[in-house]
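Two complexes are shown next, each including chain A; its partner changes from chain B in the first to chain C in the second.
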Partner chain A sequence: MIMALYRLTGRLCRAVSQTRSLGTAAVEAEPPASGTRAIFRTVQQDPAHHSEQDLGQYYTLPPDHVCSVFPHGLPRHFQLQMKTFNETCVMVREPALELISHLKKADYSKPALRYLLYGVTGTGKTMTLCHALHYCSTQGWVVVHIPDAHLWVKNCKELIPSSYNSSRLDQPILASQWLKNFGITNKHFLSKIKTTKTYMWTKRESTEEGQPLGELLEKGLTRIKSSSDVMGALLRELRLQCSKPQDEGSGAFRLVVAVDGVNALWGRTTLRRENKNKVEPEELTVVQNLRKMLKNDWCGGAIITSLSQSGSLFTPRLAYLPHELLGKEGFDSLDPFIPVPVPGYSEKEFESCYQYYIDRKWLQHSQSHTEEGKKELIFLSNRNPAVFEKLCAAL
Partner chain B sequence: MAAFTATLLKPWTPRVLQIRWSRYNPYYLEPEPRKEVYSTPETELTPEQLKERELKSVRPIKAAPPVVHSSVFSDPMISKFINMMMKGGNKILARNIMLQTLENIKRKQVEKYHKAPDAEKAGIECNPYVIFHQALANCKPVIGLVTIQRGSRHYQVPTPLTDNRQRFVAMKWMIAECRENKHRRTLMDEKLAQELLAAFANKGPVVKKKFELHKMAEANRAFAHYRWW
Partner chain C sequence: MAAYSEKVARSFLRSGAVFALVNSTFSSRNVFQLKRTVPLLVRHIQTSSVVRKRSLAATSQEKFTEEYIRKQIEEFNIGKRHLANMMGEDPETFSQEDIDRSIAYLFPSGLFEKKARPVMKHPDEIFPKQKAVQWGEDGRPFHFLFYTGKQSYYMLMHNIYGKVLKLEKYEDRMRNKGLFSQDTKTISVIGSRWLLKEELEEMLVEVMSDHDYSHFLQLMERLLALPYSHVEEEFIQSFRKQLEVQSSKQVVPPLQFDEKGIAFSTGEGRRKMATASVVVRDVGSGKVTVNGIDYLQYFVILQDREQLMFPLQFLDQLGKHDLECHVTGGGRSAQAGALRLAISRALLSCVSESEREAMRQAGLLTPDPRVKERKKPGLAKARKRYTWKKR
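This part shows the complex of A and B:
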């Protein structure tokens, strides 16, 4: 019955049939050519035009988009998959479509809306976030993407006391890496946005007012010691200039702040000072700056966040609800937000994923192509995307 | 003193409780892992099978050993290999290494497949199970050497090997090679994947060892008459 539904939607979409190129990125809608389109791939490659018709189907991201929008954004297992299959395919799912429709219809003269993606481990929250970010990037927004906030509160080798505020700690290497990736993602905005205030990094170094953001970035990359402060300044500039109405020359731009694993900002850290005292997240400059960004006191953009238990510290393994992972303090700071639940695969989505793996030669075991094998896979994975991927890896 | 005597009088419980015993009372029945047996309705069973089913509802059943599977994806050769790789009873680790090895093989082959031009695609084998079985088949020696004493001298006499012995020797060589001749930092699954792919293409140290054994057997052909079985 599911296959019949698929054939029906396939016939409806066959108005513009597209040749499936092996190994390279799919081209935009072409005149009807020979070769049939696979049932699990969608014609529409632009995330702005994805609709309910494309639910459960895969769309391909062109390689140059991937390099520019996600220099550090995609999860590790997805990067391996990209390398193996020689293409980047993301499934269009309901939470992502919901998020994108909210982004399209929101009023950007009001304060920024906060969206929170939550769900059990492995259901696809990070991939939904990446889908929404791809949409924002194609619409020309400025993207501030923190791929995993948990990496900032654990395993940091270099903690130096901040020059700006003596009670806080800086993380120079982390901040400089992030600045580099930010530069890659938002290359075209670096010359357009100008600073509004003079910043003194040390007694001898400063950045004047009216300098383009590219200068700020370079300062952060060359002087690694003050890179955390540079990051704070950059975020402040973006926040101020985004809220201003259309200005002469600077041009209105929309800002999207995407944070994955936002529960790290209000949890506990495993970092310790040199005198072996524990470090709270408030004492880290980068966390403090990010918390300011997540407050909805600026307008002209959106804040998309997602919870994550898998990298978090001192949280029970089965916790996934916002209140459990954020704690009272985090929940109150993020309140009010729009919660977006991310469930596991539905029957149609599972079928689509299964066909995709067979097509890409990933499911090789002879028994996995049979009905019995498929039933066993559904039973073992309970339609959880991450568990299904892990099972298929060995088959 | 009183506390010490109290510990002696406490009922003794073993520290590690066995879940699967190998010695059972004779009235325990064997477990049945096959799914087809349970799905046949009562009308299709013979009277003996019906009687067996009735017995199962009364008698206790032995615990199923870990080798027995009801999954369609289980492979006895892979299970044997995992058991041979296991150290100290750590089956979980051995199994994970094996699954990671299969994944590594598949990744390398699938990557090669997608990057190859259309003409070469048919020649690239992507199924890690096929590669595993073929690689071990390529490593199996056909003939082996046995030490026989005649007088005071010991001779290496060529003998045919049974199926089981061939399989065992191939697996043993593969595991020993991967354990001993690898760099300190390479993981077992990476090294195993490399060696299995090499053996699949009839290259690599394990296949070389097999050929050397064949050559030795050929060289000692004269002593074949010393074999009396």
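This part shows the complex of A and C:
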């Protein structure tokens, strides 16, 4: 019924716009009157109120939201698209709606629920994650977002032995970058949350108890050497305080931990020590801290993770299922979780994306506007979002 | 007779013939090795090799007299009856195919070149057509155009021009009477072509230049373009050759139905060491699976998927069929090409005659003959040479 409605409104819209353009004969282009809203856009801009009616439609994120919530979060090609189209439009899709509905209905006095997004490469797992994060940040949660865990286990130039635990390795630059981004995302929480214990960074430096988190962050950013430990401390604080019932001073907050490419934490690394020995993921401080966060021993929040084959090391190209990508160890530690499959575009979603590209004048080729051209595009991309985007980039 | 056949045997052996004569009672004179410029290998023997070479050169220009040809024809017919007797078949109904079969059985040859194998055909097919002697006993030529050098050709052109004049005169008469009408029936030239230069030469038994041939074509076109050319239809058609419709040669398997009642058809294709087989079902989803994997994952490169798309797009059936493909061997491009051929062949049975012809013309049904060229000795690869050093 919804599909029929959609088609009806689509036809009406197009008919209306056609008659209008016929009426104003001198005007060549479609008149962008406010009455004819493009069928692929939804009125509802707030992710909290997205419902099944908005399925397949795009909603726009305001630019300041984008800067604050996703300083480092969005995938690279999406950022390019943002810059080209001068707006940030995200499609409302099934998996995202499912995730958001779970988040709404979950009981936050129980241990945190883990959600795992999985699917073939390029179907939109990262974008779904970002959609859910946008919802969480509009609801006022604390967002811990790791855009790509694979970046932590490969191509790292500086590895210093950890001061806290001598067998582990630190990644100062990575950690400090992450702390900076965390500060941008959760600016308003930095003064509210206070530390619960004293941390000794070096013999002379320490952070007292009761200091706001902002201080902790400052310490991490100035003293880059100890930034990994600062990150660990931060995460620990958040975990502890989130689980606690409502206190007089600090208001109760909800925590969402979002990790993209979570299979990196249990895979292999390409990093080596100076003596050319291989480094296992367990030996990295940041990875250890993150693993503690992913354990569901704390409550009052949610853990959203997604798998990624494209950035992963030493995994076969065609693998996309959780137990293939996570391995036995990862699967056991993430078990139990709620799997959320992310398929390619459905017909309606594909239509919507196609109309969006035409509207943004992205498809310039004359044949791409015809029916045959559309069928060609469907066949060549098999309705895979990433492949479709790459295909349209050339047209 | 026996001595003659012995000498014949020796000549065969000397000129490198493979077979040996078994039965000397059977006259082997009708069995020749067919070559392009038909040398007569069954000849009176020359013993020394020098003289033999000279004799071979002389045979190519030798004129065969009419009497000689007639004798050859008689001997051929007798030989045919003998052969039928030998094979135990009826001499009356012994056709050329039977002769070929029998010769292949009696003289098995391992040569690869078909034209080098022993053959027995009617002398008209073996001996080149030659002109009879063109002048009488007094030395005066029979034909009035003999001294032009190309008498048949000029005669033909003269005749055609005569017909052109005749038709123009006829048209003038009709116009004078007022009976001229534009809608006279025209000769249909679709599906036929003019004779090629080689064919015309064969017909006239005369050599001509390209210039002459183009003149001939121009004159024929002019004749064809005249309004009343249907009068001379028979004459014109004698110079035209019908073209066969290629696609009528194709064997198209019928559509099959499986137990659920869904129509499906199979096709196989090969390209450059890759073999593919495809089952096209009439389900209507547009799902494509290659070796059990989705085609988007199997063929990462866009070009390969475009190759798969080509037959379906050509027939406008992009989302209508379900493809289940299996492919082995070759590289990614070869596998894509093999699949494309297999899909086109499978779709043949679902499609009408005119579309089949269109597919053939688009090149969808032609297997690509290009294979890897062999490496030659003295060269690094098939064509690449080793570095040339001056010293």
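In this section, the second predicted complex is superposed on the first by the 362 of 395 C-alpha atoms of A that agree within 3 Å, B and C clash if a C-alpha of one lies under 4 Å from a C-alpha of the other, contacts with A are read in each partner's own complex, and residues count from 1 in each chain.
By our rule, contacts are C-beta pairs under 8 Å (C-beta built on N, C-alpha and C of every residue); 3 or more make two chains touch, one makes a residue touch a chain.
Note that the coordinates shown come from a computational prediction; the quantities given were computed from them, not determined experimentally.
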item	value
Fit or clash - chain C, chain B, common chain A	clash
Partner chain in contact with A:378 - chain B first, chain C second, else both or neither	second
First, second, both or neither for A:292, with chain B first and chain C second	neither
Partner chain(s) touched by A:387 [first = chain B, second = chain C, both, neither]	second
Touched partner set for A:197, first chain B, second chain C, both or neither	neither
Contacts of A:83 with chain B and chain C, given as first, second, both or neither	first
Partner chain(s) touched by A:120 [first = chain B, second = chain C, both, neither]	second
Partner chain in contact with A:368 - chain B first, chain C second, else both or neither	first
A:273 touches, of chain B and chain C: first, second, both or neither?	neither
Broader residue contact with chain A after superposition on the shared chain, chain B or chain C	B
Region of chain C that runs into chain B when the structures are aligned on their shared chain, from 131-139, 203-211 or 239-247	239-247
Footprint overlap on chain A, where chain B in one structure and chain C in the other make contact	372, 376
Partner chain A, residues of chain B touching it in the complex	71-73, 99-100, 102-103, 106-107, 110-111, 113-115, 118, 126-129
Contact footprint of chain B on chain A as seen in their complex	22-23, 80, 83-87, 360-362, 364-368, 370, 372-373, 376, 393-395
Chain A partner contacts - residues on chain C that touch it in the complex	286, 288, 293-297, 302, 305-306, 309, 312-313, 316, 318-319
Residues of chain A that touch chain C when the two form their complex	120, 317-318, 372, 375-376, 378-382, 384, 387, 391
